[in-house]
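Here the structure is laid out as structure tokens; the discussion comes afterwards.
Note that the chains take the letters A, B, C, D and E in the order they are written out, and that residue 1 is the start of every chain.
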Amino acid sequence: MALLEVEDLCIDYKTKNGYLKAVDGVSFSLERGASLGFVGESGCGKTTIGMGLMGMLPPNGVVRRGRILFEGEDLLRVSAEEMRRVRWRKIAMIFQAAMNALNPVQRVGEQVAEAMLVHNPSLGKEKALKAVEELFELVGLQTDRIRDYPHQYSGGMKQRAIIAMSLACRPSLIIADEPTTALDVIVQDQILAEIRALQKEFNIGIIFISHDISIVADMCHDIGIMYAGQLVEYGPREDVFDSPAHPYTRALLSSFPTLTGKRTDLVPIAGETPDLVHPPEGCRFYDRCQEQIPACREKVSRWVAISPGHKALCCRCEMDGR
Amino acid sequence: MAEETFRTETKGMERYPGLTAFLEGWGIFRQSLLGKIGLVLLIMFALMALCSYIPPLIDPMYNPMTGVDPVITCSTGPSRAHWLGTDFMGRDILSQLLAGARVAFMVGVSAAFMSIVLGTAIGMTAGYMGRFMDTFLMRLADMIMVMPTLLVVLILAAVFGQLNIWTIVLIIALFRWPGVSRIIRGQTLSLKQRPFIEAAKVAGASHVRIIFRHIMPNVLPLAFLFMTFRVTSAIIIEAALAFLGFGDPGTVSWGMMLQWVWKTGHMFKAPYWLLPPGICISLITLSFYMLGRAMDEVLDPRLRKEDQTD
Amino acid sequence: SQAADMLKVGLLEEPKSLNVWRASDRWSWKVLGMIYQPLYVRDPETLDLVPWLAAEAPELDADTLSYTVKLRPAKWSDGTAFTSEDVAFTARLINEFEIPRYRYKWQFVDKIETPDPQTVRFYLKEPKAIFVPRSLTIPIAQKKQWAPIVEQAKKTEKPLSTLLNHKMEKPIGCGPFVLEEWRSGAYLYLKKNEQFFGSGKEINGRALGPHIDGLLFKVFGTSDAAVLAMKKGSIDFFWWGVQSGYMDDLRQNRDIRLFTSERSALYYMGFNVRRPPFNDPHLRRAAAMLIDEDFILNRILQGYGIKMHSLVPPGNVYWYCPDVPRHGEGLDREGRIKKAYEILQKAGYTWEVPPVDESGDVVKGEGIRLPDGKSMEKFTILTPPADYDPHRAMCGMMMQEWFRMLGIPAYSKPTAFGSLLEQVKVKHDFEAFVLGYGRLSLDPDYLRTFFLSRNDKRRGWNMSGYHNPDFDRIADKSAETMVRAERRELIWEMQKILMRDVPYIPLYNPKLVEAVRAERFKGWVEMLGGVGNIWTFCELQPK
Amino acid sequence: MELRRYILKRLVQITIIFFVILTVLFLLFRLAPGDPVSRMVDPDMTPEDAEQLIHQLGLDKPLGIQYLVYLKNFFTGHFGISFHYGEPVVDVIWNRLPNTILLFTTSIILSALVGIFLGKIASWHKGEKTDSVMTIGALVTHTLFLPWLALILIWVFGYKLGWFPINGMISEEVWLDPDAGFIAKGLDIGYHMILPLTTLFLIHFGAYLLIMRSSMLETLKEDYILTARAKGLEEKDIRDRHAAPNAALPVVTSVGLSLAFSINGGALTETVFTWPGIGRELVFSVSQNDYPLAQASFLLIAIVVLISNLVVDVLYAYLDPRIRY
Amino acid sequence: MMENQGNAIIEIQNVSKVYRSRGALFGVRAKDVVALRQVSLKIYKGEIFGLVGESGSGKTTVGRLIVGLEEITSGEIFLDQENVTGLKGKALKAFRRKVQMIFQDPYQSLNPQRSVLDTVSEPLSIHRVGRSADRKEMAHKVLKSVGLSPPEAFFYRYPHRLSGGQRQRVAIARAMVLNPEFVIADEPTSMLDASISAQIFNILLKMRSTFHVTQMFITHSLAAARYLCDRIAVIYRGQVMEVGSGETIIRNPRHPYTQALIDALPKFKGSGEIKQYGTLLIEEREVNGEPMGCPFYPRCTVAEIRCEREIPGLRMLEEGHYVACFNV
């Protein structure tokens, strides 16, 4: 049984102008100890998926339909109290803005300990702090910094502390939402190394969210490319990057400058992302697509399997495939 | 394509940015219950102030200060001729109440206006000039800020004799700018750091241009927001001063009415006289306060209710 | 300890000071008056002087210009005897330290002798009418208590200051009560003085007690609190005028009795007669004509007052001259305006719009010009501030309106007391002002003080700058006339002159309404100035 | 160490500000028209008496000398002699100060605590009825005109119902009774304090509630709240352990900043209820032109505000580990 | 175009910048920050010069010093061989016609109260170029050239109605409207998505090719620098570590820091090749007392004792490739 299986997840935000379809019909699955990366432009719904999985959508967010099977249990059906228990103990999350994810007026160690104590009150504060020390060592933080406040930490240290915290209850799934965005390349490098090592050590499933393709490419077994609330291409890393099927994926890749390989001209994607309150009828990428055919406009695209485990949401692929 | 529709929609209004901004603001304002209540109350008081000119025209006995009812020589309750009754001299309470609304508006708005002009000018100077000027002005502001304004005005009133209402207004303004100027200074400081100011500098803009074209338009909305809060404090200070007997004796203000009630010993037996002025002072401050909070929401994009669930 | 028959008196404010030489406010004197006693006091009915610490009326020896006073046997509250030494000490202290307010009553005393402990003789430098009524009515201080303080004070750089600033914790007097406890901000508790000389005696035909065990002065700060306490019965007497607003309420209460008394008070409007426009008596008379005393009395004072025709209150029956010119008496508003117009027109004043038109109707006058053709400049009527005295501030407002009806550009300006007096008394820079006295001495010597040419100086009392040689002559004579009846003639003459020239226009004399609870005590003595007098406190008895 | 330096620096600033206020006050009162002597309208007071008194009060000296005397008086801590009471001003003030502190601090602490507590609840129920009721209630009570509120309380609870005393702080029945013990006296003061305290409380708690509410709403948007929620904390714990401590910080600052404003209210309350405190003394002395007393009371109030601002800043630093001076 | 020596449009010589903390009266003085130490660079006409370094290394400071937003602590700056250090008044204004800057954050660099037209034509009115109709015309042209078309549709829009990419284009238009000779672009795309960044990159390239504007491109991304720049300088803690042509720096980095930087970057295109993490740098090494040697010494893997004491100067390794390290 897969650790996590998401089927046809749709999440809307209620806004003044109507329902904003932030996530629309997303399905994927994740095995224990595997890693899955989501890539896409800003506003395509990556964070929303993460929040949806945690059951922590903002008050105006609603799950319209879908299923989130986690260890066989549908998280959308459990009660709030049960969901609370699942959080962190089973699924932990590393947030986008790690810089602010720690409470400024509490000592870092206490905050990490709190994560344990919430789910295991009988542990006792002493023991929890002991455990925190171990965690700190694990992520490469000096244990004498346990009693410091967050503002005394550098960005990288905060991120490590949060990773330590995410490991506090040994969860089986960690959702990492742009965990290194604010960091320097060298620090980012170290943090990513840390995450990978820990993932291996504890056999944790990771959902890795980023807008930086290169990071996801390095980190994950499977890649999901997102565009305007939809998953447009999904498959193993090698397949997606070596033979991208969806025009959007291709466009994205060619607009990304690289350090290796030949220095080619970048081809930017023209235009802008569609309005998610009134998304286009047919393919959402239609307006910006270089390879559009009239059918894309009217027909709602369907998933096309390119190769085993590699699929794309595109009319053209569908036609070509036929 | 999306751009096309966008243009046709707002083509006419794009050229009038002020109007657009106003309409947008109004849209948000309208959603605020507090703002609506405040506005309704305020309109009511404005009408009262306007109506204050009417009673003396009907009969000189309705002159709020000097008119007395020829047959009534002591405080009486509401009657046909005097809807809210009369005070101890036989003067009409309603006319006084209406005149009080006028005074409250006058005091509140003019003192607030002066203090925000002063506060904005000083805050912008301090924030923009920095260094010595900043230190000096802000220490001055600190000093004035720690002074309880009412007591200061009280001392000035005692020392320089009974103050005329305009002097009171002026003094209130002189002592209520520091709060505004600190905020404006903070805002100016942060604006000064903003890249768009630097961009203007790099383009060669002079200090005058930066101050008036770039900083001022950005701090003015805030200054106006503060104006509503300053209005309330000015009204309260004037009323309290009048209540203590240090107001302008030539003016019928609500505070003055309360003082009369209190000092002439009618407060236990003439609720018709005690209640209206107090309710009016409280409500007018409430209305400006609510208005201010609603405007705060309009101006503060963080509070904008994009995620409004209703 | 809390005595059963304790009279609880409500005070509005706390006494300033219990140092008799410093105390000048009425709150202090309400307390000090129970402790320090004079040689003579006034009879409640006739207002004549009656011997108090003195045994009998003073004897004048016209040749040596000396008065001899025999003293009653009495004791201070600490048990020591009251002797002539104390009296002489008090008088000498005043002259030596030149104590303000007392000095002028004693500076003409040349020499004081104490032939025996019960007799004291005063030698005067010149004949002085005020000696008996003013000098001999000052409170006597105990030598034993004050002598060391005086010695101390003399050694300092500023003896007077030191003396005045001495904090008197436990004043010793011969009065009916002694101070037991003063809890600042709350109350003063006075116990019955067991040594009081009047106890059980009959003085001036009155059987003196005190019959109560003590006096409790409660400080309230606001009238409403005091009135409420009165209604609830937690005080027996509110020693302050009850404002008209409370009266109905109090009247309905059966246990409460209201006393209405006249006061020796004078509230007036004064002019600066040194310079135009008010150097012209016509204008002053016209002003007097315009001022509607009835309105002031009925509206502003709510009927609790009496009209003043002269500068001496009518209640001061002996000195009051009923026969002075009465401006505008009995006229209504229109009549007053017409009459004033007539006066001014005759005196050569002109208007752009006369206040009385051809058909004889009153309209609003405009553009008044003085007889010399200059237009009258705006002027201010300085009044005390509204917080200090709303009545006078209000009078100012009303007078401003009345003057304007005639086209006289008057502006009423309530002014802080300090700056009002600075302008009027020190700088003489003003046109008109409203002032008054709530406790005017019963001796009319103030008429002289207020209008003598000599007193027109910086800080002098002739604030109007009134100069009239006739008046000066009569006034000076009145000061020396020691025969009462003769002096009365002169005083009457002075009143007539003043009411003709009107440097001051008397405005009103408020009545005093005091509330007492009738169910616990009886024997309230009514007197000019209210029931709170020494007789009451000596005669009051529990029911 | 740094904190001590910061405090030192602030103290120096306070001293300078204080000196300026001191001097301005001096000039204000000396340059004012009318001296205390000319106020004495007793006709028995002759011009000679007046000159004499002016001399004795030292008011005839050159301004510079007077200023020096004033400074000397201030530094020897006796502020001169009150014109009105004829006592050293310090005595009068020391007598009144405890009363003010009692009333004022009780009211501030009480209203801050209640305001913070209710603000927390209101923010938690944002958009619900509880929130609207609390917000509007707070707005209404906060904007009530204080003297009027005091009069109304007097009218209702003093006059109509007769439940509470309406003036002063003690009743003589208790204090003259030799048997009355410490507790009885304390209770008596408490009983007298009810109405003034209610007045101040009603006026102030609303402000704290509103500040706490909006600060709480801001805090709830912070990322660490998301973290706390993700950690599986119960909502109650998120509110009390993570949001409230952070949100209360601006309230602490606002207590400091609004102190000067609250003192206005304090003075009015003391005046209406005749509470024998500094505020009433100031209003009274001002109306009596008792300059030394007015000066000293004002200075004292200024010092208190300055020092409490410092205390608030230090407290803030203590509560917020990010701030280190 | 790469090495047209001697034709430097901008030359900075031994420039240092110290941010002095200005303690308040009686205040505690915080430590001075040395943002730049003895930096010398030459930028040649017509090239795009890249300045790369991690956050806080002093990249922005270089840019701000050149345009005169910051006072220089020591050293000199030349524009076309003319000393432009510390210009004031008229001279400064004239200088500013020639040198412009594009800022990092498009959300902050436009005045929210001014419309696009106002913003773009402001430099024109400051320098009194043309009449208002001409200005509109010029604004129209420049907006079009940065790809905002039709320009009329944007004239009266306010920044809050523009997307990030559009804003950055307006900012570029503002910088370009005066036809400057030299433009500094300070991380113009760090706030934008990859697809939008590519648009901006291409605009910058177009500026160079059609308007011949020399540019300095400040970035923390070596990949972007590689794409855009002819030459690249790597800066670390206020000191230049390595200068060379783009390809040289990427393919043949010689300075240990540059090497670490390149190693740390994820490289995804070579599929299957999963890179090794975090091997090149050591944990911060303790430095005794005042740091006085190479700024990179504490983290350097190849450091020697000398590095702790001496600051290595820039050495030429080969034509146009300079490295500040003793060990290469």
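One rule holds in what follows: a residue touches a chain if its C-beta (ideal position, glycine included) is under 8 Å from a C-beta of that chain, and two chains touch if they have at least 3 such contacts.
None of the values given here were measured: they were computed from a predicted structure.
Steps from chain C to chain E, taking the shortest chain of touch contacts, total 2. On a Cα centroid basis, the chain most remote from chain E in this structure is C.
Averaging Cα coordinates per chain places chain B and chain D 24 Å apart.
A straight line joining the Cα centres of chain B and chain E is 49 Å long. Averaging Cα coordinates per chain places chain A and chain C 92 Å apart. Touching two or more other chains at once are residues 157-161, 244-246, 262, 267-268, 309 of chain B. Looking at chain E, residues 24-25 sit in touch with two or more other chains. In chain D, the residues that touch at least two other chains are 13, 32-33, 154, 159, 287, 289. Note for the complex: chain A touches chain E at residues 41-42, 184-186, 188-190, 192-193, 196, 211-215, 217-218, 237-238, 241-242, 251-252, 255-261, 263, 266-270, 272. Looking at the complex, you find that chain A touches chain D at residues 54, 56, 84-89, 92-93, 95-97, 100-106, 111, 114-115, 118-119, 149, 151, 162, 165.
The touching residues of chain D, when paired with chain A in their complex, are 222-224, 226-234, 237, 241-242, 245-246, 249, 319-322. Chain E makes touch with chain A in their complex at residues 54-55, 163, 165, 193-199, 201-202, 220-224, 226-227, 247, 250, 260-272, 274-275, 277-278, 281. The touching residues of chain E, counted against chain B in their complex, run 24-25, 64, 67, 69, 92-93, 96-97, 99-101, 103-105, 108-115, 122-123, 126-127, 153, 156-158, 171, 174, 178.
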